[in-house]
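After the structure tokens below, expect a handful of questions from me.
Read from first to last, the chains carry the letters A, B, C and D; within each, the first residue is number 1.
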Amino acid sequence: MPVGLVFVSHSARIAEGVVELAAQMAPTVPLVAAGGTDDGGIGTSYDRVLAAIGEADRGGGVLLIGDLGSAILTAETAVDLLDEEPAGGVRVLDVPIVEGGVAAAVAAESGADLDAVARAAGGDAPEP
Amino acid sequence: MPVGLVFVSHSARIAEGVVELAAQMAPTVPLVAAGGTDDGGIGTSYDRVLAAIGEADRGGGVLLIGDLGSAILTAETAVDLLDEEPAGGVRVLDVPIVEGGVAAAVAAESGADLDAVARAAGGDAPEP
Amino acid sequence: MEALGTDWAIDWVRRSAAVIAEHKAELSGLDRAIGDGDHGENLDRGFRAVAAKLDDATPETPGAVLKLVATTLISTVGGASGPLLGTAYLKGAQAAGDAERLDAAAVVALLAAARDGVVLRGKAEPGDKTMIDAWDPAVRAAQGALDAGGDASAVLSAAAEAAESGAEATDPLVARKGRASYLGERAVGHRDPGAQSSAYQLRAAATAAEG
Amino acid sequence: MEALGTDWAIDWVRRSAAVIAEHKAELSGLDRAIGDGDHGENLDRGFRAVAAKLDDATPETPGAVLKLVATTLISTVGGASGPLLGTAYLKGAQAAGDAERLDAAAVVALLAAARDGVVLRGKAEPGDKTMIDAWDPAVRAAQGALDAGGDASAVLSAAAEAAESGAEATDPLVARKGRASYLGERAVGHRDPGAQSSAYQLRAAATAAEG
């Protein structure tokens, strides 16, 4: 049950690019892109993020990494409004999406838990 | 003569995505994607980087931002081997490609010079 | 004057949709100067979707109206203002609860909850050159009007006026949150688009409560 | 034994291309364990391109051969090993200069320049679990063989042997440069692919110099 990762970007291409890049070093980790608006424009989509959380959830928890401010805001809103939280937990991280995303993916590939994956990505320790 | 930016990524999609994202806030800055290998795979292409430097050079200097290690190595190699350095100078920066790239683009849009753009992107001050 | 009911809430929302549509280009222009130029389009997309939902749904309390606004803005805006205003309307809806009518005190509680929602989501403080610079003075003016014995309508018109002044007062500020924070000193002299659109929405609430 | 000429350099490069092709899957397997799994494909693509260029070009000095290798690897490899080995061969070419033949001292100078090129480019130190862990002992062994009066062939076979031991010695290390550095302790027990491929290239140089 690896941690699943969701990449929330304003650009669908960025989110998909991070997935393809991270997949090279983390072939068994659920890596899900949630980029762009519903109509394919630049911006973030709550519904895409929500769907991506479901897709990334394999029981080990889900980590969301966003790029600019509003991606984080959308991700946090989606997490706050989840009907049901993933069994393994869920966190939103404000770290560089490409560099932090690859580091998180490598950690998840090794079987690290949600907090360890977040630390590998460069995120602070979670609130106790 | 704004500073031109080259985004060197292992993924063509990431490089193009950063261009589209940064262009929103920096419509007049030359923003050039140099992502992926020559045959469209994941990796970096010296020739794409070289061409991108030429394309981004409008006289105000060129800043290259890479994602993971080998993108930086390829960018630095291309810069070292340039036949002719851009008149406004050229630098390679190891900062988060999306977040640093957008910050750099905004600074370039305002007419900042190469060092100021590099600082805005989160890069160290240049060697004196 | 009597307390405000579902009609008021619906009228508020429809007036917001109208004023945002009317000022779409202006809001995107403000955002072009210190952001990515999409704030008018973002909010217009969101409020159009809200108006379309209102054509079909029949929310029965002010809280239900605001909840519909919240979820629709969150799903459709596509920019920072979506989760921010969405959270504002959601917290406002929670403050309104199941009440069928809102008196002046309930309106103040609604506005305060909405402002707190924006803060919860975006962590901005007054003076950061964000929509908080409209919402926070609005809440304080509304409280003042309530303390002075004003009715719901008076409370809302005090809020609207303070929001308008608050939006204007963002002009000289440097932004510390949102995209405009990338610009440093260069944001000075430009109004924050989210503060301006928040002022429009609060004026719509006040106008809907008049007469 | 006489000094080494252009024939040697061409034979070296062709042998490198052959040994990399032969070990392509092994090298990518090493890279799969602690990287992105493409090192064999990367170098094979590069050395195939080098071999194709050699079919057409007629470089007239060892330096010219190495320069062709350098520019081709830089343009075609697509991974970190491209600029790293490219810079190594480029600096090696510069050390070889226009000389038509390289004696033992010139070979040591070539190897040292190549190693310095990798360091210049990648900033790794010995023990960082990178190709430097093959190149650096190779240069030191070559210098030792030269000091002991060895000829160019002896210098190269000392270098090759030290590079092979150096590559093996990366197994227990934690990586501090390159992709494998993401893995922390989990890189322990795996050989660095770039050190292994560097050892193959240095063995090819030695074999080409034999007999």
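We adopt the following convention: contacts are C-beta pairs under 8 Å (C-beta built on N, C-alpha and C of every residue); 3 or more make two chains touch, one makes a residue touch a chain.
Protein identities per chain, from UniProt: C, D = Dihydroxyacetone kinase subunit DhaL.
Computed from a predicted structure; not experimentally measured.
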Which two chains share the largest set of C-beta contact pairs: A-B
Intercentroid distance (Cα basis), subunit D paired with subunit C, Å: 64
Centroid distance [mean C-alpha coordinates] between subunit C and subunit B, Å: 39
Approximate Å spacing (C-alpha centroids) for the pair subunit B, subunit D: 30
Junction residues of subunit C - those touching two or more other chains: 36, 38, 179
Shared-contact residues (touching 2 or more other chains) in subunit B: 24, 42, 68, 102
Topology of the chain contact graph, where touching chains are joined (line, ring, star, complete, other): other
Chains grouped in pairs wherever the two touch, ordered by label: A-B, A-C, A-D, B-C, B-D
Subunit A-facing residues of subunit C, complex: 36, 38, 42, 74-76, 78-80, 82-84, 86-87, 121-122, 177-179
Residue ranges of subunit B touching subunit C (in the complex, touch as defined): 24-25, 102-103, 106-107, 110, 120
Sites on subunit A touched by subunit C in the complex: 37-38, 41-47, 68-70, 73-74, 76-77, 81
Subunit D to subunit A touching residues, read off their complex: 35-38, 179, 182-183, 186
Subunit A partner contacts - residues on subunit B that touch it in the complex: 9-18, 20-21, 24, 35, 42, 67-68, 96-100, 102
